[in-house]
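You will see two complexes here that share chain A, one where it goes with chain B and one where it goes with chain C.
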Partner chain A sequence: MIQVLINGAVLGCVYALVALGLTMVFSIMRVVNFAHGQMYMLGAFVVYYLYGEYGLPFYVALPAAAAALALVGVAFNRFFFQPVLASATREENSMLMAVGTALLLENLALTVFGEKQRGVPPVVDGAFVFGDVAEGGAILTHPNAMVAALAALSILGLLAFVQYTRPGRALRAVAQDKEAARLQGVDVKATTTLGFAIGAGLAGLAGGLLVTVYGVNSGVGVNISTKAFIMVMIGGAGVTSGAIVGGVLLGFAEAIGYDLLPGSITYLLIFVAMIVFLVFKPNGLFGKPWG
Partner chain B sequence: MNPLKKRDLAIALCFLAALAALPLAIGPSRYLLSVLMNCAGLSVVAFGVWLTFTIGRINICQAGFALIGGYTTAIVLSRHGMSFWLALPLSALASAALGAIIGSFILKLRGIYFSMLTICLTEAIRLAFLNGGEFTQGSRGITGLPQPFAGESPLPMYYLAIALLGVALLVTWRVHYSRVGRIFRAMRLNEDLAESFGTDVWRYRVTAFAIACALGGLGGSYFAVFTQSVYPQSFTVEHSIYYMLYCFLGGLEFVSGAMIGAFVLTLLFEVLSQFQQYQTLVYGVLMIGVILLLPNGLMAIRARALEAKA
Partner chain C sequence: MNHRIRLHLTLLAAATPLALFGAPSRAQEVLRIGVNGVMSGEAASWGLVNKYCAETTADMVNAKGGADIGGKRYRIEIVALDDKNDPKISVTNAEKLTSQGIKYIIGPNIDTTALAVKPVVERAKALNFPYAFAKELYKAPAGNSVLGMVASYQVGPIMYEYLKTKKGVKSIAFLARNESDARNQQAEGVEAAKKLGLNVVAASDSYEPGTKDFMPVMTKVIKTKPDAIVLSGVAPADAPLLNKAARDLGFKGTISTETAQDSKILAQVAGAKANGFMSVGGASTPEIQSDYMKEFVSVYKKRVGEWNDEAGTKVYALELILAVLKKNPKALDDVEVFKKEMATFSMPNPFVKGGATRLEFAGQADFGRRSQVGVPLVINEFQDKEFKTLFVGTIRN
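Now for the complex of A and B:
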């Protein structure tokens, strides 16, 4: 049982990172970035190529993944989302655009990288062992521990950035009220771009972290996006604390489910549970009602 | 009748007439007919998505309901030996009933929440069929379904597809250009306002969703006998997204939009079939291009000029 909880905690940390990225974009732009999972996948590929193929150190490859995806985010925002948001007559347009970018990224990756599952050599070796494994003890491998620690560190870093720096305050102001923020002299356009870049960068970071444990293939995007939607809906869209709680909850639910149930039944139950939950709490745990 | 509605009707009727007359002109070419049958089936499913757009909901679970319709048909055909002509309406009914039940809970969600939830719902329905044990035969699916028509000629099946397309078009047309359709539009523009004017919003949106799901089930049932098989992978999130793209490409303001979008995209890719490996990539590029350049769809081309003339 301890083993299950450890697995859950590791997953929870990374999932929270994924959910934070999605919620960041949503809170600033009111757009759900459907391509979030595909950005995760691209981040994983950046680490795969830089670290796995070209042998650069991991601590170079990981920030490179985040930076590369942040750039993709900036470009998407500038060329795809801003024109649509500026000219749309129906609110569906921006969402369809998000779906379109997801489709584009996924198929671009399929064409360029192929369908093969790929992994990278472990960054660290060894494991922490708690108690006697044969008698209910548990193992936390060093790669897992590293992933969880780096994910938790990134989350703390992001929270500190949003809470205490000037751009961070601008982000929160724009999320609360665009017009009021503009009146206070916040550069809304630059802040929106920053928000999208951070959101995309977080997806890349999460992908770059998890590739060291699970590997990657071009098709993981939809899967990750779906998980991110679950977390964000449970916690409440656009709420930072909600994303973290949602991520941790899903991590534990998944770890416990995979331990007790065969294969894909876990996710069937998670979906059903989520739909029932949303019937009673349509705005999630911490969300505010919105149209 | 306003000129846009008139044009909508004219295009829809001409299109159906052309489809019906086509085999006489080109002879029963099996390949071309099967492409058109595919288009017709996709249009039937896409009409459902189009209808949920009119109440202001982005429906990404249509593939799930097509899957329900497909499995209903497959199960009653292969296990109970029921006639296809009973199985077809039964599948639509089963999808509609499930849609009404699920919809009565989830339709209170709006906007992006609804879309995210419907994506999860498509996945959930697929997983349910995947884990259905002997009842749904898991990932092996149900294969070897009997065909409704004896004989070699593809023509009866072709006319069935066209007839279903006609039915779907008629249903959507009747709903959209009626009092109910006006209420749907009012709900899309402002649900709270519509409610304050005494509209039973809950009832109408469940109705809309149930009709949409029925069309999905009808299409799913048709595809099950068309391909003589159904698998959990037959209809996935990706398909749901394509249905949405068809509606959007055709135009969300015009009833024939869903049909035009489905035919244009599917035929386009048959023409470009040597680029098959890039097909889905082109879909992605096209989707972005259409949203940027043609935000109101193909059917809206020259719509402004027509309106000004009237």
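Now for the complex of A and C:
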């Protein structure tokens, strides 16, 4: 059981980081960023090339991935989403735009990076061993421990930024009420751009971090986005704490489910549980009604 | 400009193209070959490798002036369509290809898409070469599909026999990707292992496509204490992660799969943790490559940028199609002629050195007729960043 709990904790940290960027963009712009998984994939490729191929230190490549994707986020927001949001009268338009950008990124990646799975040398090696797994013991590999620790640190860093800095407070104000924020002197356009940049940067950071243990391929985005949506729906769309709790819950559900149930039943039950849960709590654990 | 000068200029203009392209020239015919398979998403490598292999064969043939079929030179043109592993799109693709008069189609890649396009190719009197293992595609009354590679139920018994006799394996666990193809392969593998007297300690464990962290699912498998783990229908993207998870959890036994894999992916993602991993190869290991195969690899690299070991099992389809068409040009327009040729066709395998290996159609034992490309049954083992050939077997025919 210790191994199952370790697996759940590692997955929970990782999933929370993945979900956080998606919920950030939703809270600021009311846009469901379907390209979140593809942004994760691009971040992973940045680290693959900088660290894996060109030999730069990992701790240079990782922030570079976040920064590169933040720039992609700024560009997407400026050239795609802002014009659509400014002129569209229906929410579906921004959703279609998001689906379009996801397809664009995935097909571009397939052309540029090819079809193969890619991986990088481990940043750290070794494991904490607590007995034989087959006999009820447990193992926490150093790469998994590093990934979980860095994911948790990044989440704490983001929470501190949003809570205690001036731009962070502006982000919260825009998320709560755009018009009121504007009346209080907040530059809403710049703040939404910052929000999109942080959301995309987090996707890039997650991809860059996880490429060290999971590798990456051009088609990984759809599955990442799907899992991120599940977490956000559980926690409540647009709520930071909801994304974190949703991520941790999904991580433990997956780890415990795979241990106790046949593999094919685990995700079936997760989806059934989510449907039942949403029937009774349509806004998720911490969400408020949209609109 | 007087009339005479104008006449000269007109004649010169008319003669220029002839001079540039060599007159008199014989107009070259075009033979179009379809490729229908998954070329995007997580399983993109399955269909893209089919496409790249067909394009590479076409490049090589076209560079030599085209394929000589019935005294005419045919330039080979590949028409590739992505079905996204979606049966609906696969059917649309097959209809599109056959409506263009294409008679020979390579793909699709999985049971669901291959079964969906079966009626389309039958209705259009075309022939397709799926990389899916469902027997109803190849057994009578089905007649227009030819299995493009070795099936898991053909490799499994040979591989488990090897594990039992050479590696002393007594207990075995099966883990499959949760998709119909992989689950079928798992069920067939379990039956084959039981027939050999192996103790199957995990028969139905599976993981969701898209899983990246395999520690949870592998923890459960390791707890059953198997001597060997078989990864049924594992995608090349998943294989290194599964190997890594098993080794990280302290598993010391053998890990194998009945699908083709790529050594570079294993080396990059799993490194030394993939050492000893057994998989199916085609003609890609240096020990058995002919000069023709080396040339193929070099042209493939020129087109795609890098070699993919998965292609070792996928180099055969177009080569064999062209060889049969050369033998009997009537098959260009009539796939029934092609099907008759399949029963007896045989040629030296150009991809394997030595010249002793034959390339022919197989499948008599499994499908009751020769409806399978007779790819050599090569079992590879990953060791220190590359594959080594463990042994070469043959499909029962």
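The rule is simple: the second predicted complex is superposed on the first by the 279 of 291 C-alpha atoms of A that agree within 3 Å, B and C clash if a C-alpha of one lies under 4 Å from a C-alpha of the other, contacts with A are read in each partner's own complex, and residues count from 1 in each chain.
Heads up, the rule we're going with is that a residue touches a chain if its C-beta (ideal position, glycine included) is under 8 Å from a C-beta of that chain, and two chains touch if they have at least 3 such contacts.
Because the structure is a prediction, the values reported are computed rather than measured.
Because the two structures share chain A, they can be overlaid on it, and in that overlay chain B clashes with chain C.
Looking at the shared chain after the overlay, A:17 reaches neither chain B nor chain C.
In the superposed pair of complexes, A:84 makes contact with chain B only, with no contact to chain C.
When the two structures are aligned on the shared chain, A:267 is found in touch with chain B and with chain C. In the superposed pair of complexes, A:275 makes contact with chain B only, with no contact to chain C. Look at A:170: by the touch rule set out above, it reaches neither chain B nor chain C. Shared-chain residue A:230: touches chain B; no touch with chain C. After overlaying the two complexes on the shared chain, residue contacts for A:194 are found with neither chain B nor chain C. With both structures placed on the common chain, the touch criterion links A:110 to chain B and to chain C.
When the shared chain is aligned, chain B comes close enough to touch A:92, but chain C does not.
Residues 106-107, 110, 222, 226, 263-264, 267 of chain A contact both chain B in one complex and chain C in the other. Chain C meets chain A in the complex at residues 39-45, 48-49, 175, 178, 183, 204-210, 212-213, 215-217, 219-220, 222-223, 225, 236-237, 240-241, 248-250, 262, 264-265, 268-271, 304-306, 308. Note for the complex: chain A touches chain B at residues 26, 30-32, 80, 83-84, 87-93, 95-97, 99-101, 103-108, 110-111, 222, 225-226, 229-230, 232-233, 237, 263-265, 267-268, 271-272, 274-275, 278-279, 282, 290-291.
Of all residues in chain A, only 3-4, 7-8, 10-11, 14, 52, 106-107, 110, 114-122, 127, 129, 132-134, 139, 141, 144, 210, 213-215, 217-220, 222-223, 226-227, 254-255, 257-259, 262-264, 266-267 touch chain C in the complex they form. By the touch rule above, chain B contacts chain A in their complex via residues 53, 58, 102, 105-106, 108-113, 115-117, 119-121, 123-124, 127-128, 130-131, 237-238, 241, 244-245, 248, 252, 277-278, 280-281, 283-285, 287-288, 291-292, 295-296.
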